[in-house]
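Note that the chains are named A, B, C and D in the order they appear, and that numbering of residues resets to 1 at the start of each chain.
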Amino acid sequence: MMMFNCDYLEGAHEKILKKLLDTNLEQTPGYGEDPHCEAAARMIRDMVGDEAAYVQFLVGGTQANMTILSYLLRPHEGVISADTGHIAVHESGAIEAQGHKVITLSGKNGKLCADDIKAFVKAYWADDTTEHMVKPRAVYVSYSTETGSIYSKEELKAIRKVCDKYDMYLFLDGARLGYGLMSPEADLTIKDIYELTDVFYIGGTKQGALFGEAVVFNSSISHKDFRYYIKQKGGMLAKGRLLGIQFEALLEPDEDGSCLYFELAKRADMLALRIKDRLCELGFQPCGDSPTNQQFFILPNKLIKKLSKKYSFSINAPVDKDRTSVRICTSWATTDEAVDTLLKDMEKAAKKLFNGKA
Amino acid sequence: MMMFNCDYLEGAHEKILKKLLDTNLEQTPGYGEDPHCEAAARMIRDMVGDEAAYVQFLVGGTQANMTILSYLLRPHEGVISADTGHIAVHESGAIEAQGHKVITLSGKNGKLCADDIKAFVKAYWADDTTEHMVKPRAVYVSYSTETGSIYSKEELKAIRKVCDKYDMYLFLDGARLGYGLMSPEADLTIKDIYELTDVFYIGGTKQGALFGEAVVFNSSISHKDFRYYIKQKGGMLAKGRLLGIQFEALLEPDEDGSCLYFELAKRADMLALRIKDRLCELGFQPCGDSPTNQQFFILPNKLIKKLSKKYSFSINAPVDKDRTSVRICTSWATTDEAVDTLLKDMEKAAKKLFNGKA
Amino acid sequence: MMMFNCDYLEGAHEKILKKLLDTNLEQTPGYGEDPHCEAAARMIRDMVGDEAAYVQFLVGGTQANMTILSYLLRPHEGVISADTGHIAVHESGAIEAQGHKVITLSGKNGKLCADDIKAFVKAYWADDTTEHMVKPRAVYVSYSTETGSIYSKEELKAIRKVCDKYDMYLFLDGARLGYGLMSPEADLTIKDIYELTDVFYIGGTKQGALFGEAVVFNSSISHKDFRYYIKQKGGMLAKGRLLGIQFEALLEPDEDGSCLYFELAKRADMLALRIKDRLCELGFQPCGDSPTNQQFFILPNKLIKKLSKKYSFSINAPVDKDRTSVRICTSWATTDEAVDTLLKDMEKAAKKLFNGKA
Amino acid sequence: MMMFNCDYLEGAHEKILKKLLDTNLEQTPGYGEDPHCEAAARMIRDMVGDEAAYVQFLVGGTQANMTILSYLLRPHEGVISADTGHIAVHESGAIEAQGHKVITLSGKNGKLCADDIKAFVKAYWADDTTEHMVKPRAVYVSYSTETGSIYSKEELKAIRKVCDKYDMYLFLDGARLGYGLMSPEADLTIKDIYELTDVFYIGGTKQGALFGEAVVFNSSISHKDFRYYIKQKGGMLAKGRLLGIQFEALLEPDEDGSCLYFELAKRADMLALRIKDRLCELGFQPCGDSPTNQQFFILPNKLIKKLSKKYSFSINAPVDKDRTSVRICTSWATTDEAVDTLLKDMEKAAKKLFNGKA
């Protein structure tokens, strides 16, 4: 079985494993207060170009989202998200469990639009029953999004502007940050992301680490007592250095000024776009338009059934009674061979499907 | 200034005040464990025709909604509401503050539709990431709704059926129950409401009491420990008998088998429908179609400005740059004279507006 | 049956009822934004001598405690209370339900001691695992306390000093504020209370009102968005003016510069102290030493049983197998006659009990 | 620097690392639904002797405690803990953040006593204001405790009996389960633990794993929807198989019917007891009496200062101005050499200290 379901099917890149082995018997203080976390934080501060950026490492994405939003919001405040946003749909109500409303606006290709946010917030503040409604205090975006799309610099700047005008935090979920930044269509750098947001994170789990998300606070906002929140929400890893070690391996700059993190992401994007381009050529219908490692296609149920003996995809949603949208996902671990094999089988399928029709 | 903003502008009906005076020096135990609460509960059990119905009295609507939903739901469970529902819009996130997601579906004329609920819930259970999404466990409806509309018996039965099929509670917010039941278009009785829902409440605040909502649990579901929730959420009134006394006054059956509660509601509905019919005749444009005490009309901003020297309405929402939707609300305390005066002024306004155009 | 259980057995003082009747048909905006709430707030600002004091009216004590503490604290912060404090014992976990730990210290006669608070907080900040423990951020005291005792000016000043040193809010639960201030042993004024605390409230429920607590924020701390909290926690009364009206009646200054609120409290204290002094003379054993309207005595179970045919007290706690501590409580509504009768019966009982022994 | 601070200073046992490497490129479903988690769960079901035991794997202890207690308790229910219990002291209020009161009783040598629990719960149910107080619904014990002590079979059975009588869950925090069970003083087996508790966990983090706690529900109680809680609280690891793999390595039965988990714990206990016995012989004063891997000694501050150039201990609490209680902790990774060196240095210190005095 070749699995293309998601980007967390395997363990971790060998460089990470090697570093874990090499450091295994070091004795370090717990809870993220060790030299490895400090070294990885320094790398990140260098990448974003601010010595005062504040970095903490958490284990997973839901944990990061709930801890950060709980920190940014007071009880009567809520966060604006696209209706397809991870916090709105796929975290079992983790944000509401912290007491906060997730205010959903219709996304366009998985993205929030600055004008929609502005219209909503403007109407909120114009209402005279303001205190009877949850106060919008933060905007949640992800990069790349659930549907693989990415914000352009212009789009993100426009959202930042609305946030500034209406006193809202801008928080970017970077579970798939690398896949976004390495997309051929990306015009944002990690420095831009840092400068345009109040908090964001660099996702490790889906990009070659065993687990781990590096949370980065812009130096312009307070991070006082954030570590209490990490502990209280159950996110403080006893052997915190495991997070530092992994991010050291991922982010250590190589000669070209790049690093493993971005190289792995780039390769995964390339493989995904190879699949995308070929499937489109073959006549298959994409669902949305993703320039990153997640590709969505509408396939006949019969074909899905047939392919499922050899491949596993993520079933997204039924389109009609005969067709379903599926997600094909590549990762740091996807092999060229797996892609080759898949494309060959899709070529055969296309021949049967579209020639038959023609 | 004549106020038509809402149905809680004045104090309470004189019969209630008299009963409060008459009982003032009685000494009773606190927290709702007094003879008056017991007597009022008995009246309710008689009305709904079930000696085993469980009754508790709370001070206000938001408190009732959050206490009841917190009781019905476990942390990972959410409640389905129309997007215009009070809990979704106007309670400052009180339900989310209890940890629960309010799952909103598009309402039709302020009402949830059984088919929409079914489609949503069916898709939920068909998904294979069920445990990553909030489990829909209750349906919230109000009667009459925020927009003055009411469910027909058939509509409510259809929702009940979906709830039964998918193991969800049906909870009815009856802040305006009387106005709903007394509408000439209503085909439901309070007994029907009791039988079709798991929990509902009889709103006092907006229907002639100083404050108070009588919560009724169907005998088929557990109410064990519900009083702990009332206390913990801050809703247990020390002098609980004030609630019992008011509901005694409102619900005591008169010779015709009716009671003050329904008579007051009926009169308010009649006044509202008089306003509605006349305004329509005069050529004003209603917004939605309400058969109860809340009427919504689209008026020119200029007219609203002029009227606002003498009348006060509730501003609902701008329709375009020249017109706004306003709510005109009657209550147990609205006088015939106020309605007469309003209608006369509207007649003059109509003459000027529509004759000028013609 | 003559009830001495508590101070919320009856309705309200007739002056309050009269004012409710007189204003009943006024039309006012809801939610506490009416002229009566404004007038009552003005009276309070005058009493505390600060035009910038911020006043809001809530329905009950648990609601006030949970709303205020939720406002003052962030999720990782807790409140220090005496182990006998109302929030620690008798509110079904309302503070924990807001997410906050109630940190209990051993009280002395129901009161926290500044030195104990200081020792605890100092040790907290000296620990190197600070962020693994709830941060003490507020101190909760009540005046008078659960056991009827009151803080002296010196004691409260000492606590204030600790709060200042360790950056903690001082919050005073004044559900029985009047009984405290009117005690012959009191050396604090309401102005002192205002100046020494960050937030306190003037309890109405137990002191002659139907219900209601007037929350007062010192102008030195922020009250921004506090009304959102009131709404979200279910404490925003639709007909908010009912609270304003009652506090107007209670606090309107009379010719002597006093007001109904203090007069009622003074009288109740006097009656309670009359009971206390006489019972002590007769040889009954007090439990603690209260100078206010709540008196605690250790009585033989046999006597309690006998008295219970005619009187009702609050059973506090078994002392040993033959004796129990009971609370005898007076209020604004206690009559001289009831006290006379009680004392006569206690004299008879004493004769039988102590002469028999002698 | 030789560190004896705690039992999570190093990475993981090499057998675990090897298994992580060997399985690294396997493709498995996420979120704990993979063959490794299933295999490890099977091993646990075998160990506890119940095919119906329900097993889930979580990342850390605070996360396990808060997720399990949130699952077991309804909002008005609390958990009884020793005042030294981890949930009462060292989790930044994680349980209160879930809305629940931690009810603390005085521990004896870090342990709850069945009689104290019974007295408390009996008094609770005898009170007539029950619904104003948090309902005790669970008892939290740890094995071994924060102070290294362990419950005897008789003690745990007595607590179980109280739980049964008063309808409370018994939950055992096994972050240091192995160290407890392998103590020469232990008379409990893991099967006993399973049978006597409703839920417990097998701690990996402090016993040789990189991280991970295996939660075990007794088949007699419901575990329905527990995975929703794991996800909502942020505890569902995307690459869940990392937990399964580690527990497979730890729990795989060897020829003697033992397993790595117990062998590592046993060795750590032996080293700790060697330290304990020798320090006692030398005249140092133990603090409490621990038969497991954590040893507490009262040392002169001067000695601590001197030792701190070479060793690191955990500072527990100042005893008086000259002496402090420290924790000396061994683990799976402690070497014989480290212990030898420490003991030699302590012998020298003893000579200087006690001979000087003699």
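Here is the rule we go by: a contact is a pair of C-beta atoms (placed from the backbone, for glycine too) under 8 Å apart; a residue touches a chain by one contact, two chains touch by 3 or more.
Source: prediction; values computed, not measured.
Trainee: Tell me which chains count as touching both chain C and chain D.
Mentor: Joint contacts, listed by label: A, B.
Trainee: Count the C-beta pairs in contact for A-B and for B-C, then report the pair with the higher count.
Mentor: Ranking A-B and B-C by C-beta contacts puts B-C first.
Trainee: For chain A and chain C, what's the span in angstrom between their mean Cα positions?
Mentor: Roughly 52 Å, centre to centre.
Trainee: Chain A to chain B: how many Å between their CA centres?
Mentor: From the centre of chain A to the centre of chain B is 42 Å.
Trainee: Need the CA-centroid distance for the pair chain B / chain C, whole Å please.
Mentor: About 35 Å, centre to centre.
Trainee: Can you tell me which residues of chain D touch two or more of the remaining chains?
Mentor: As it turns out, chain D has residues touching two or more other chains at 75-76, 91-93, 97, 99, 131-132, 228, 231-232.
Trainee: Using the touch rule from the top, collect the residues of chain B that touch chain A in their complex.
Mentor: Against chain A, the touching part of chain B is residues 75-76, 78, 89-93, 96-97, 99-102, 128-129, 131-134, 315.
Trainee: Spell out the residues on chain C that touch chain B in their complex, using ranges where they run on.
Mentor: The contact residues of chain C facing chain B are 1-3, 5-6, 8-12, 14, 17, 20-21, 23-30, 59-63, 66-67, 91-94, 97, 205-206, 210-211, 228, 231-239, 242, 333.
Trainee: Chain D touches which residues of chain B in the complex?
Mentor: Touching chain D from chain B are residues 70, 74-76, 99, 131-132, 135, 225, 227-229, 231-232.
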